[in-house]
Structure formats: C-alpha cells, structure tokens
Amino acid sequence: MDKASLIGLLIGASALGFVFFEVSHGNLVMFYSLEGVLMVGIGSVSVTFMAMPLEKVKMVPAYVKRWLFNKTMPVTEVVQLISRLAERARRDGILALESEMPNVKDPFLAAGLKMAIDGVEPSNIESTMRIELIAMGERHKAGKKFFDLLKLYGPGYGLVGTLVGQVGMFGKLADADIGALGHALAIAVVATMYGAILANAIAGPMGDKLSMRASEEMLNRELMLQAILSIQAGDNPRVTQDKMLAFLPAVTRGTMRLAA
Amino acid sequence: MDKASLIGLLIGASALGFVFFEVSHGNLVMFYSLEGVLMVGIGSVSVTFMAMPLEKVKMVPAYVKRWLFNKTMPVTEVVQLISRLAERARRDGILALESEMPNVKDPFLAAGLKMAIDGVEPSNIESTMRIELIAMGERHKAGKKFFDLLKLYGPGYGLVGTLVGQVGMFGKLADADIGALGHALAIAVVATMYGAILANAIAGPMGDKLSMRASEEMLNRELMLQAILSIQAGDNPRVTQDKMLAFLPAVTRGTMRLAA
Amino acid sequence: MDKASLIGLLIGASALGFVFFEVSHGNLVMFYSLEGVLMVGIGSVSVTFMAMPLEKVKMVPAYVKRWLFNKTMPVTEVVQLISRLAERARRDGILALESEMPNVKDPFLAAGLKMAIDGVEPSNIESTMRIELIAMGERHKAGKKFFDLLKLYGPGYGLVGTLVGQVGMFGKLADADIGALGHALAIAVVATMYGAILANAIAGPMGDKLSMRASEEMLNRELMLQAILSIQAGDNPRVTQDKMLAFLPAVTRGTMRLAA
Amino acid sequence: MDKASLIGLLIGASALGFVFFEVSHGNLVMFYSLEGVLMVGIGSVSVTFMAMPLEKVKMVPAYVKRWLFNKTMPVTEVVQLISRLAERARRDGILALESEMPNVKDPFLAAGLKMAIDGVEPSNIESTMRIELIAMGERHKAGKKFFDLLKLYGPGYGLVGTLVGQVGMFGKLADADIGALGHALAIAVVATMYGAILANAIAGPMGDKLSMRASEEMLNRELMLQAILSIQAGDNPRVTQDKMLAFLPAVTRGTMRLAA
Amino acid sequence: MDKASLIGLLIGASALGFVFFEVSHGNLVMFYSLEGVLMVGIGSVSVTFMAMPLEKVKMVPAYVKRWLFNKTMPVTEVVQLISRLAERARRDGILALESEMPNVKDPFLAAGLKMAIDGVEPSNIESTMRIELIAMGERHKAGKKFFDLLKLYGPGYGLVGTLVGQVGMFGKLADADIGALGHALAIAVVATMYGAILANAIAGPMGDKLSMRASEEMLNRELMLQAILSIQAGDNPRVTQDKMLAFLPAVTRGTMRLAA
C-alpha cells in the first residue's frame, strides 16, 4: 500500500467536497449535469479505447492498482541485499548464491543472478538484462500514457460539453429569462469543471506518481545490473560496494557502510 | 480489425449524439454551421496539403485503415514463433529454417531469416535490419503526423471561424436584436466546437493509437533482430530464449516457458 | 513544383475568402484593421529580425521557395540509381563510376562518389559525409525556425493588438454608444484573427512541410551514405541492394527488385 | 545562503503586497477566500501526496532549504583546488594526496580521490563516479519535480475553484442583485489568482533555480571526474590543467592561469 | 554590432508606438498603470533573482549585449582561415603554425592549435576541446534561460496583475458607475498587455537569437575541432578541405574551392 497515494486522495476529495458543499449550501445537485458526465466520463472511456490497444485497455485496473499499492524496494534495501550477496559470493564462490535465491524476491535480480550462477557469458547477461529494462520501460510508458490520455482529453471533452451547452443557450437568448440562462450556463460550465478535476486532481498526479515510480525502478534495476556484472567479474567486493553506494545520496552512505 | 478502435468510436459518437440531441431537444440543425464546416473541415484539408508531401497525403486512407484494422502480432506469439525457429535451427542446422519460411508471415522477420540462411555476415544483417527499423520509424511518424496536424490546426481553424463570426457580430452590435446576436454567437461558437471535437474526440486519440502501435512494432522487431543475431551466432538456445523472454513481463514468462 | 503546397494554399484561401464574404455580406472592409496589420504583419517582421541573424533573414525568400518548389528525389529513384551504380561498380570496377557522374544530380551523392573514386579512406568518407548531414540539418532547422517564429509570435502580437484595442475601448466605456463599442471590439478582435490565420493557415503548415521534407532528405542521404560505404567495401551487390531496399516499405520492394 | 533567492523573494512579495494594498485601498480581506485557499493550498498538498512517493514528500523541506541555502562551489574554486592537487600528485606521487584529503570538502571529489589513492582501476573509478552522477541527477529531478507539480496543478486547482464559484453564481443569477454577483465573482476569481501567484511568483522560479543549480553541479562533477582520471593516468599536469581550464569561459582563464 | 537586432527592435518599437498613439489619440497615459509596471517589471526582476544564481544574474547585461553586439565568425571565413592553416602546415610542418597564431582571433581555435603545436596527444586535444564545447553550451543555456524566464513569467505576473485588478473591480460592482468600471478594467487589462509585449516583442525573440547564435557557434567550433584533428593526423590537405567544405551548403562550395 502506497500510503501517500491514499492520503493525497483523501485530502483532495475532502477539500473538493467541502468547497462543493460550501458554495452550494448543501444543494450538491447543482454540480451535477448529465451532459457533463457523458462528455467527460464516457468521452474518456471512448478516448481510452480509441487510443490504446485492447490488451492495454484491459490493464487499466492494474495501472490504478499499481498507483495505490506499490512495492518498489527502497534503494537502501537493494544495496544491503546486494552487499550480502557480494560478500557471500566472495567467501563461498558464485555457486553459493544458489542457496540465497529464495531470499531474492525481485524477479529481475533473480533472473540476472540465475544467469550468473549458470555461467552465462557477461555480455549475454548484460544484453538480456538491458532488453528487459527496455521492455519494462515500454510497459511503464503504457501505464503513464493512460493517465496522460485522461489528463489531456478529459478537459478537451469537457470543453466540447461546455461549447455544446453554450450553443444551445445562445440559440435561445431571446426567448429565455435570465434565471433560465444562468441555469443553462451553470450546466455548461460544469462540463469544463469535471474535465479540470479529472485532469488536475485525479489523472494528472496519478500519472506523475507512476512515472516517478518507474524512474525509481529503472534506477534500482540499473543498480542490480551493475552489481551482478561486478560480482561475476570477480571484482574486489569493496569495489562492488563502492559502485552500489554511488547510487545513494552522500548522507545515507555512512550509515549504510556501517550496516553493511 | 482492432476491436477497441471500433468500440471507442461508437461510444464517443453515441455520447456526442445523445448530448447534441438532449441540448437541442432534437433540433440538431442548431449545431450546423456552413462557416464552421468550411473552416474546420476544408481548413484541415488545406493544412494537410500544405504541410505534407503529396505522396504522404495519398497515404491518408492507409493511416485511417491502419488505425481501424491493425495486425501487430502479440509479443507472446512472436516469442513462441522464434522459440520454435531457434529449436529447429539448433536441431537441424540453420539451413533447415528454409522449410519454415512459409510460416513466417512478418516480412521483417522473413527478410532477416532469409539473410541468415543465405549466410550474410552478422554485421551486415544487423545494419540492414537497423536501417529497416529506422525507415519504418520514419514512415510511422508520417502517419502520426497527419493526425497531429488535424489535432493542432483543426482547433486553430475553428478559432479563426469563431473570430470571424465575432467580428461580424460585433460590427452590427447596434442594429441587431438580442435574438439575432445570440444566433450569430451560437454559429460563431460552433466553429470552435467542431475544432474541439476533431482534436479531442477524433484525430487526437487516433494518432495516439498509431503511435502506441508503432512502439509495439518497434519493440517486436527489436526482438526479432536480437533473436536472429542470437540464432546465427549459434548461441545456446536457452540463452536465445532468455533474451526473448526478457521482452515479456515477469508474470507472462512462466506460462511461456511451459508452452515453449 | 510541390503541387500539394499549391493545392493546399488555394483550398485554404478559398475557404477563408468564402467565409469572409459570407459573414460580411461582401463588405470585406470590416475585416481590415490598420492596427491589426501593423501588429501581426510588421510585428512579425520585427520578430524575424530580432530573432534571426541577418544572413538567415536574407534566406527567407529561399525558405518560402523551398516550400513551394521542392525537389526531394523519391526514395525509390534513389534506390534505382544506386542499384545501377552498384552493378556498374561490380562489373567494371569503382573507377568506371567516373563516367556515370554526369547522371548523378544530387550533390551529396556526387561528392561521396567522387571521394570513393578518388580512393579516400572509408572512415574519412563517412566522417566527411556525416559532417555534411549535420550541417545540412542545422540549415534545415533555420528554415523551420523562421516559420516557427511566425507561428509563435504572430498570435502573440495579435493578442497585443487586441489588448491595446480593449484598453482603448474600456477607457471610454461611459462615453460611447453600443454601436461604437461594438465597432471598436470588432477591430480589436481582428488583430487576434490575423494572428490565428498567420499561425494556423499559413506559417504553421509551411514549417511542418519543410520539416517533413528535411526528414525525407536526411533519410535519402543516410541511404546514399550507406550505399557508398557498401560499394566501396566491395560488398556483394546483393547485400548492397538489400540494405537499400530496407529503406523502402515492404510492399514497394517486390516491384523494385523486378525493376532493379 | 543563496542571497539572490532571498532578494528575489523579498522583491516579489513587496511588489505583490503593494499592489494588493493599492487596489483594495487597504481592505486586504477582499483578496481572501476560504475556497481559494482550500483549492490551491490544500489541493497542492493533495497533488504532492498523490504524485510523489512518501520518502520524497518527506524531502520537501530539504528542497525548499536547498533553494534558499545552496552551496555549489564556484567552478573557479574547483579548478584551483584541483590544480593544487594535480601539482602535489606530480611532485610527491599520488599517495601524497592522502594528506590533502581533509581540505577536500566535496564528498564526490573526496570519494573519487580516495579510490584513486587506493589504486582502484580507472575504468572502475569512472563507472562508479558515473553511477553517482546519474543517481544524483535522479535525486535532483525529484526536487525539480515537486516545484513543477505546484506550478502545473496549483493553477489547475485554482481553475477548479473558479469554475465551482461560477457554477454557484450562475445558478442563482435570477435571484441575486448585482453587488452580490460581483462579490461572488470576485471570490471565484481569487482562486485563479492564488494559482497564478503560486505558479509564477513562487514554485516556478524556485524550480528553475534548483534546475540551474543541478546543471552547475553536474558540470562541476564532470570536471572533477575528468581531473581524477587525468591525474591517475599520470598526464602531464599541463594537460590536466588545460582540460580543467576548458570548463571556464575564455575571459576567466588568463587570471586562473596566473593564480594557478 | 548585429544590425538585424537593431533593425528588428526599431521596427517593433515603431509599430507599437504608432498603434498606441493611434488607439489613444495621443493620450498615451491610458496605457500606463503603476500596478502593471510593478507586476510585470518588478515581478520579472523578482523571478530572475529567485530563479538564477547570483553570478548569472550579474551576467544579464552581458546577455543583452551579446544579443546586440554579436561577432560569430561567418562559417565561410572559418573555412578560409583553416584552409590557409592546413596548407601552411603541410608545406612547412605543424610547428610553422606558431607564426600564424597572431592571426587566429578565435580563442577556441587558438587553444586547439596551440595544443597541436605543443604535440599534445590527439585524444587529449579532442577531450579538452569537447569539454570546452560542453561548458560553452552550458553557459549559452544560461543566457537563453534568462530570456525564457521573462517570456514565461512576464505574462504570468501580468495575469496576476489583471486578476488582482478584476477582483478589485468585481468587489465594488454595485457601487461604481460604468465609466469607473471601464477604467478599472482598462487598468487591469494593461498588466496582461505588458506581459504579452515583454514575452512576444522583447524577451522571446531575443532569446531565440541567442539560441540560434549558440548553434552557429557550436557548429563553427565542431568544424575547428575536426580541422585540428585532421591537420594533426597529417591527413592529405585535400581531405581536410573536403571535411571543412562539408560544413557549407553545396552552392557556396564552388566559390570557396576557387578562393581557397
């Protein structure tokens, strides 16, 4: 569970709810418009299907889940885990890592270690792991893309809804009284409001988190790749550790070195 | 047939149709404006010819077709096909792949295999296939570009239409009654509405799908390229398979390994 | 002559002309405003001089000419020409290409072939041709930049014109009758309209075509570079041809192979 | 303490304060709106939590502190320090640098020197230091990202606040007197104003400074990396110095050479 | 002196001046607003200090000066100068270039030649010169950044000014007569106008010129780097010349070859 995601969601929903209530004096129905829901809600569904391949549309629940329940291993833990593996490999040989495999939860690290234990050539390990990094990057992009679609086309459809409403309203400017016009205008503006909320309070920040998590994971895996190559090359474990500590900010390093 | 494209199109058209009907109480003609059609529709045609070389304008139907009927091979199928080819090459030698050629529908993979069977040098295979990747990327960009042009200049021309309408309206502000002004304003706003619909409900999402499909295809072909080089290098088939599995998400890999 | 450019220009101008006529009932003078012309027209001239070095300002007519009269050789012709040269070089030796030089109109290809005939080292040929590609890319960027300047600052100056007009109008809101105010507003809006037309109907699409042509030319020249290196390396002509066909879409290749 | 940051902040706050005072004739409460504060202030908090991992949210005070108290070493000082180290290494051998270590405050330079003194292989020093550069770049990006989030979503939430206010106002257009409507409109517009201030006067420029500082630091560290590799390679100190002077503008170099 | 810069500035100022005069019938004071000056003028100063390190704020006059007085050597002159140097080096040996040094004004070229004459290893020359290119690129970016800040935040502050003015105006909608409201609105809009002028007529184009000049200079220096490496490698001067001519457009080359 990514606590920050949940906290952020609750804070945002509370603020919006309070403001809605305050402005409408509790008469929340004034912020509802069927046209707005159809344009921004159904429009976003339409855009998702038109813009994404079916297999990726099916992944949408997974993207949302990834936003709420994420499990990137903290980089300090990765460094500790690898330190232990490097020590072990030096002491007992690389084959001894076989017995450590059950403790390696990360599938990327596990696959890499397995190749190293099996004696696959370094250049083949590197190219295989790099391919995996690239393919993972492509998959992460698809998740980010979904939220980007909502962020971009949600307000776009909202604008369409507002324009439709305005055309309808201007068309009978002569016949209607000021109250009816104000009401029509309110309904028209609601569609833009839905779009702005979808983009700024929901899809935008969610996509940004996915994107930051993806960067973190890329960095973690780059670390794992460097570590495996260094272990397999038989580098002095001190060198391996220095390389891994280089991934951490200077202030964290002292404690890590002691802990290692 | 890309089912998602069709579904998305129908959902979007239904939502728009319903909202048009609802707001105009069935009097749909209020959403029609000759000026709007000329500006956004004919304007987009003008932009397409002004911005794209003639040979690429002629490809426009092909771009739309590619959006609706796409046939990117799923990456799992590519992996399975290549696994079989790698097995075969190991068992019976690379020349045996000649008899598998009729099963290889993808022209990129077929051309690469043919070169490998003909004994073309690896570096020449790689550079030839890389050139093809680059040239394909350029062609994909042209398709994406067409939809980007509509997405960018459609609303631009729509704005021009609205401004023209407003100038016309402001010019006779003193002479006209409120009903006539409202009507004129409605017609002016319609041009912006057409532009917003073209950009957000049609051209934008279509271009995004083309672009996502292009990324998929690029990744597939990178996979094919790596596989052919690995097969020709006489790599242990296990290594070849690991490289190919690296293109897949970890969860799919288990099943693939069993299936392979 | 790039027919598409001319067709697009005529279509766009007709659509705009018709809409102007329709909205003003033939009284086209209502779309004229000296302030608008000064802001968008003279403003764009000012921006061009402020933003571009003098030598590049002098090239502006050449950029417009390049947009209207372009002569990128179709990639299929390039492939045919090079196929013939490669055949000839194989049959009669690379020096025999000397007699083919008059048929090679493209200066880039000609310069490269000349170096190959003169026996310049491959690495020197490649670096010289790459430098030329980079320098050409820089020059193409300057042409694109000019249209980008108009596309960006034209509407910017148009907005300034509208704001100036609005300030003038608001300043005498109390004294003027509604007709005069409407007239003033119309004139103010005209400046924004000029900017929108300049950006969306003129400079934007022209810059996009220049940019697409530049990509095509870059790809053509990459092809030429690869071909010359392949011919000079004494590659089997079949390999050279495969490399060149890789630049073409799969569907065109069959016919090319027959024609070659 | 980054004096420019403080000066800029004070200038901006004074200008805003004066204009607020001037426009409201001292009645500053007219620029306060609970809805605006909730939308822009609390909305930004919500976005931060939704978009950033918790560990990075905790770093927010550090990002602000970094903006106000920054200590990038001027590049001329770095060059002087390294010149001295290079001289020393040439005269007394690389091990003599051990005694200089207490003067080397920068942890990146210190870590690199330590590896060089310990006799770690150049390729390992380079890859370790490059990793650190990449990881530092990622951390800097997170700081910049925080301010970018405020700059992007602050105005977005402000717009939501304004739209909510407008819907509320239009909904009772018939019942209210012009004074009440004006008041409601003022409150609605305040939310957009808060967003514009947050983006343009606060978060935007702060993020830009962080980003410029990060570039400076990257360049400094690239310099340190080149210097260490050059010292370890036993380059003529003149060559080392030339490399370092290449980081400086031509005008500063003369004085540096004298000073060195 | 960059004549184009001055011409552009004068044209733009004249056009603006004329339009101001025309719209206000000479009563230019209507375009003055203390709030606007404080927001856009002082706001931009605030942004500059908040966003740029102090040393770079101090360089602002130098950035403006660089825009007005630029002295990029035309690429044809660079080619001619280097042709002469290459000829001389072939005829009299590389040491003979010592006597040519006083004619080499460009500090980058001079530093490179000096290293070549001193017999510094080619790889060291290349890396030193590349470092200088990178460092120069970073410095150029800082100049461009300053104008980008004005272009982005100038209109941002202008919007704040307009919103403040509108809040003030809406707040007393009931009490004021239409003339006073129009006046208040005019003053509010002036702030946006100042921002639009700063961005579109001043800072934007100035930044673009700096950026184009920087590209030119980068290309020139790449040419110098290639030339020095080619001269030092003892390449046939014809090869050196071909490489340099590759930087020029085909049409200029004929005349250069004659001149050389």
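By written order: A, B, C, D and E. Residues from 1 in each chain.
One rule holds for everything that comes next: a residue touches a chain if its C-beta (ideal position, glycine included) is under 8 Å from a C-beta of that chain, and two chains touch if they have at least 3 such contacts.
Model, not experiment: these values are computed from the prediction.
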*Give me the rotation angle that lays the C-alpha atoms of subunit C onto its copy subunit D, rounded to the nearest 5 degrees.*
145
*List the centre-to-centre spacing of subunit A and subunit E in whole Å, with centres computed as mean CA coordinates.*
38
*How far is the middle of subunit A from the middle of subunit B, if each middle is the mean of its Cα atoms, in Å?*
24
*asked:* Among all residues of subunit D, which ones touch two or more of the remaining chains?
replied: none
*Circular arrangement of chains, read from subunit C onward through subunit E*: C, E, D, A, B
_Residues on subunit D engaged by subunit A in the complex (per definition of touch)_ = 34-35, 38-39, 42-43, 45-57, 107-108, 111, 115, 120, 124, 127-129, 131-132, 134-136, 138-139, 141-142, 145, 149, 152-153, 156-157, 159-161, 163-168, 170-175
*What residues on subunit C touch subunit B, complex-wise?*
2-5, 7-9, 11-12, 14-16, 18-20, 22-24, 30-31, 70, 72, 74, 177-179, 181-183, 185-186, 189-190, 192-193, 196-197, 199-201, 204-206, 208-209, 212-213, 215-216, 219, 222-223, 226, 235, 239, 242-243, 246-250
